[in-house]
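Letters A, B, C, D, E and F mark the chains as written, and numbering starts fresh at 1 in each.
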Amino acid sequence: MSYECFKVEISDNIAHVVLNRPDKRNNMNPAFWKELPAIIKDIDYGSKARVIVISSTGPHFTAGLDVSSFASVTDPINQADEKTKRLQSGTAFYDNVLEMQGAFNCIDDCRLPVLVAIQGGCIGGGVDLITSCDIRYATEDAFLTIFETNIGMTADVGTFPRLVKLIPEGYVKEMAYTGRKVGAEEAKTMGLINQVYKDQKTMLEAVMVIAADIASKAPLAVYGCKKMINYARDHNTTDSLDYIAIWNATHLKVEEIQEAMVANTEKRPGNFVDLPKSRKQG
Amino acid sequence: MSYECFKVEISDNIAHVVLNRPDKRNNMNPAFWKELPAIIKDIDYGSKARVIVISSTGPHFTAGLDVSSFASVTDPINQADEKTKRLQSGTAFYDNVLEMQGAFNCIDDCRLPVLVAIQGGCIGGGVDLITSCDIRYATEDAFLTIFETNIGMTADVGTFPRLVKLIPEGYVKEMAYTGRKVGAEEAKTMGLINQVYKDQKTMLEAVMVIAADIASKAPLAVYGCKKMINYARDHNTTDSLDYIAIWNATHLKVEEIQEAMVANTEKRPGNFVDLPKSRKQG
Amino acid sequence: MSYECFKVEISDNIAHVVLNRPDKRNNMNPAFWKELPAIIKDIDYGSKARVIVISSTGPHFTAGLDVSSFASVTDPINQADEKTKRLQSGTAFYDNVLEMQGAFNCIDDCRLPVLVAIQGGCIGGGVDLITSCDIRYATEDAFLTIFETNIGMTADVGTFPRLVKLIPEGYVKEMAYTGRKVGAEEAKTMGLINQVYKDQKTMLEAVMVIAADIASKAPLAVYGCKKMINYARDHNTTDSLDYIAIWNATHLKVEEIQEAMVANTEKRPGNFVDLPKSRKQG
Amino acid sequence: MSYECFKVEISDNIAHVVLNRPDKRNNMNPAFWKELPAIIKDIDYGSKARVIVISSTGPHFTAGLDVSSFASVTDPINQADEKTKRLQSGTAFYDNVLEMQGAFNCIDDCRLPVLVAIQGGCIGGGVDLITSCDIRYATEDAFLTIFETNIGMTADVGTFPRLVKLIPEGYVKEMAYTGRKVGAEEAKTMGLINQVYKDQKTMLEAVMVIAADIASKAPLAVYGCKKMINYARDHNTTDSLDYIAIWNATHLKVEEIQEAMVANTEKRPGNFVDLPKSRKQG
Amino acid sequence: MSYECFKVEISDNIAHVVLNRPDKRNNMNPAFWKELPAIIKDIDYGSKARVIVISSTGPHFTAGLDVSSFASVTDPINQADEKTKRLQSGTAFYDNVLEMQGAFNCIDDCRLPVLVAIQGGCIGGGVDLITSCDIRYATEDAFLTIFETNIGMTADVGTFPRLVKLIPEGYVKEMAYTGRKVGAEEAKTMGLINQVYKDQKTMLEAVMVIAADIASKAPLAVYGCKKMINYARDHNTTDSLDYIAIWNATHLKVEEIQEAMVANTEKRPGNFVDLPKSRKQG
Amino acid sequence: MSYECFKVEISDNIAHVVLNRPDKRNNMNPAFWKELPAIIKDIDYGSKARVIVISSTGPHFTAGLDVSSFASVTDPINQADEKTKRLQSGTAFYDNVLEMQGAFNCIDDCRLPVLVAIQGGCIGGGVDLITSCDIRYATEDAFLTIFETNIGMTADVGTFPRLVKLIPEGYVKEMAYTGRKVGAEEAKTMGLINQVYKDQKTMLEAVMVIAADIASKAPLAVYGCKKMINYARDHNTTDSLDYIAIWNATHLKVEEIQEAMVANTEKRPGNFVDLPKSRKQG
């Protein structure tokens, strides 16, 4: 398939999803919001890879929300008469934001780990995007900014619900209230970026090594890790302990363990079963 | 208005609330517990500023709870006969702690960001205070201590409920069990302090720059940031996503966005609408 | 009492629990899972110490789950016929994991602080163990690994439910998906290790000083700190504030405060009341 | 004290709060929203009674929100210019509803049981009111209606948050969607009304007997019942069990138990300690 | 559109969705699970009606899950080799149940009230279905049974998560453990059925009157009622109060209130604005 | 085994646990609190039955807490000196109540349904007991009373945490505040009692028929029902839906379903697999 905003390549169980409109600074236009969840679901439901890497092109990761998307957010009911618009606009706005959030919830809900490699500016909606990914890597010149505050908005496509659970709250509040740029190294100190690389080429090579490592593990086990970490983020300790016990009653497979142990001993890749395709896929 | 424990100055949309009993090491006497919430509510409900900075005077930020407050906590029912005292004391104690917690809940509930600038010792109740603020800054000579443990108490005016959500738990536990002093740099490593400055003058100048930056943003947007970060701290991801969507259905204002964009382009301060006065104010 | 896997020494109100099968790299055999909770409960319910230090022997803290324990996890219903086994196995597995989790829940539920001193490898089940402790210390050569992923499993004896609440999530996910070794210094950066020491002797000396410091505080106050930090980890801010108020209505004791203050003044150890023995003990 | 909307009589430890504008069908005008919480707090914080009975006068319990209150809800920022109004109105509305909810939260938070005796129509805001009370009684001719739906509104001063937890959901939804009148007997079947009486005089006599019975119990014990029932309504079983244990560690008093037992034996009223006055009172 | 399992008629703002395979006792075959959510979403997202009524044909409402659906649940990965099937089956089962639950979640999530009219047997999956509806009506000869228990299963498409919150728990447990039939009158006593009618014709006439009444109210207000009741079912009182306040800040519309009041006075139907179409629709 | 307070008979997969000190009105003495959990765990962990029936002997089900138990609650630290007692008593009380609650938590946590058949008085601690059971039956002369209020206590061994979730709140509050007797028929109206029988013989015969019916179902399916109903009681709808899906991925067994279907067709009892013994048992 081909996309307006993305290039997608799958090989060696790694799906590489690349933001591919560098001349537009990879801003998030209406097509972006349709294509991203379609791509993630296609890979996930079709069990087409074992790990996803999101990266971008050009000097900046993304400039955030495009004005054309913005219009659709603030005025989703253009066809109606004035009174209808006035009475429906809040309700439509609410519906619309939930729909946009869904584009990033897909990443959170995806059974596969999603790594993101950030170069240059990661602005506004870009922060919503990367907080929904599992692990974040960046180049030295990368910077993040909750830019919405600078233009009179409160970020609402996922930044705050996730960022608060990712890093110490004092950092989140300073970033949010000031809208200032946070460089890669500072973000690493915050715990937001796992590793900083000197340039994008170096970063991508390194991230692909990490991705290949993850892709070499038993997919059922890796899926369980993601499920449990996200679950524990949102539930108390008692509930999380119970859930992992019942989860593993279904998912822990002696055959996979034996294969992993033998493969380790024989210093060869394990031959593991993929995740089943999801019925949602067809 | 004038206060026994504080000096309050409001200018350029910044309210500067200064602990002002340096000779008493700014300890928290009975007046402190009445005045602090009165000041915060007055600024917040009256919409008298866009950001609050709390700082202190003298060598130490605060020595914590004053003995005279302490008496009122442990013996709130002095007038009664012995049997009544004995039977009522636990109930009265519970009521009293909730009331004292309210003095810091005001900061958490305040619609405006509250920055705190800490010099010297921040002891006991001082930690309860600063954890209820949004962002913490400190001088090199600043130190924090959960001193209550050293005097046979468990801190109860807000330290643990908030600190555990602010920084990694291992730090909280060491601070709590040992009651040891944690210096500014170490606290910065923990994520508890956002920035360390060489002395108080430098700190206050820098914090006022940050405060001015925050005051220059659209108040409705900044309010939304604080609301959502606090909400996400206490709710799961799904609920937080839903809440920001319905919040912004009310609070995102196209006119503010347009003003912000134009002001950015014209490199001038935006002309934004203040928060409405609260009906609670009168 | 004597144990197969542990050596236990109690002096000066410090209980030192030592993993004591260095030739087996202190792996977690069936005896381990019985003895650890028995030891912790004996100390806690019997009020035999004021703080617990867990350390280990030999080059590695622990190699994690022993194969013999593993067999008991995956096949807990060996005596039954084939059909019964097949139908009961999931239910038995669930029951069994809950039981194993209980061995570490004991540490979390223990009224006393539990410090852990880690040397060399802390592998697989070792990470489940140390995340249930209150504070973690390590030698320079220590390393941690969520090894389960490498052998086709999802860790389920407590790692994820607790680790996600201890440190920034991006670190947890990288550790989980890759199963890679994380050295002591990197773990300190993550907030997982409080302090790194050059060797085990140095570490133990230092940790015993910290333990002695904790043991010198009023036990009722320290118990309250642990209770509240764990409570706040799993409850929202409002509930946590209310709980500490009612907790202290019972637990704050003027006599302990006075004794602490006088002892501080007289520069002598306070003479505090121990925790009461638990009725569970006998 | 005297009030515009209420008559308050306290005798024999029973506070009788009577809606007293029958000619206005006891509608909820601006004074109502100020006076109700003032009255409840005065009785509660001042520990002036042991139980509260709310009743009304004339043919109808209450006609609900008065138009004059309504204006203040929908337009709380009348003094501002048009643009300010437009941008602030949602924020002010939110603040204002929270403030109005507070008038009924007072009843929920009140340490004393609050019984309500309903005659005739209990309309709109009346349902918000009675759901915040502890126990509801009604005359045969009483009826309830979530009238807001009939005038294009969604009830927001407390009806849904509380009613859903009081009675089976199917009843709530039918009442909400249709706005229809539900008679006293039907409401009793739903579990919303505890007892139906043939007329108001009979009802008040019977309710006063119940109130006197409650007032004869130890206030600390009754307070604990209300606290725990409300707590359990909003928390899971595990948390509720823990809370009642720590609550009673403070509140269970052997002296009160002994007095109750002796009084029962001697068939005389017990001589119990009142709740302590709240520090909030002054 | 035409469907295999349903007949759908929309008139006067009422969508009537009829189970239409009486010869198969309206069992839930694979087409059922696809068509039901498609129909509900089409009506909801397209804002094609203001209320939905679900009814059925023939002597029984539904016989529950069809064997052909059942096969797809228990063996969703037929194409794979034996080992893959064995390892993937639990994961696929989990995915598949979530997908089936989605068919009824649609009803819960639908912005419109959904009434259900039950005749004859409502068996197994039928109980999952009706518990996801807002209000339940039944004929005298109707009966419900959690039939899954009788065939060695635990109901998992929604029955328990919802039924426990609908009616007193003792009823749920008896129905669940025994799998016995519960007649309409008994179900009404439980609070599960709102009204019982002597036959289906009478029931449908009466339910259509109720539906017409609901359809005559302002859709924004009715939507708010459903949203809030479902929200309060799953959140504590404090959170629910806050949510309704911010919800109404967006959704309460003075123009709708005025129209409703005038229409009431003039004894004519109000002329209200419909819900906006959802962006999800296209 | 033989017990002081109970007689236990197991036959036809039904364990009948009988309170057997009618001359002491089956009050809850210290032995009671030890024996009840021991009995329940023995049956549950040993998988010795498929359903448990609790009944009693003599005119009254139970008179509640015995004075000798009471002493142990209020003074659990008799051996210590006065100061130690004074400082430890609250902490010991808290520990002790948690331990007593555990005796009834066993019933809630038991994998088997627990039915209770109540004759005569069910007083004080008796209400704590029966609310922890799954289904309640009673004779016409049975009555319940939250007697604690009458003797100056707030019930704390489980009544409020569970009762509030069992029946409409207005009933709970009246029972709690007044401590009055509620007869069997009234309790049936509340939803607290499932069925009322004319005398104990009739009741026991009928309850044994119900128990036999439950015992004839597949134990894995019935266990799932209890687990899910209790889970849904304490979790929101979304979490409960997810949990039942992952639960059944482990527990739904095609072989049991097939056996159930064939047995139904052949009108013979199914031949089902028992629950596995719990590892906790030995």
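Just a few scattered comments:
In the analysis below, contacts are C-beta pairs under 8 Å (C-beta built on N, C-alpha and C of every residue); 3 or more make two chains touch, one makes a residue touch a chain.
Model, not experiment: these values are computed from the prediction.
Set against one another, B-D and A-B show the most C-beta pairs in contact at A-B. By the residue-number overlap criterion, the interface of chain B with chain C counts as different, with under half of its numbers used by both chains. Centre-to-centre separation between chain E and chain F, using Cα means, comes to 33 Å. The geometric centre of chain C is 47 Å away from that of chain E, both derived from CA atoms.
Residue numbers of chain F whose C-beta contacts span two or more other chains: 90-91, 93-94, 165, 167-168, 190-191, 220, 223, 233, 235, 238, 246-247, 249-251, 253, 256.
Viewed as a contact network, the protein chains fit none of the simple shapes, being neither a path, a ring, a star nor fully connected. If you check each pair of chains against the touch rule, the ones that pass are A-B, A-C, A-E, A-F, B-C, B-D, B-E, C-D, C-F, D-E, D-F, E-F.
Those residues of chain E that touch chain B in the shared complex are 235, 239, 243, 246-247, 249-250. Residues 51, 113, 134-136, 165-168, 190-194, 210, 213-214, 217-218, 220-226, 228-229, 231-233, 236-238, 240-242, 244-254, 256-257, 259-261, 264, 270, 272 of chain E touch chain D in their complex. Within the complex, the chain F residues that touch chain C are 72, 76-77, 80, 83-84, 86-96, 99, 220, 223, 250-251, 253, 255-256, 273-280. If you check the complex, the residues on chain E that touch chain F are 74, 90-91, 93-94, 97-98, 101, 105, 108, 146, 148-156, 158, 160-165, 167-174, 176-180, 190-191, 233-235.
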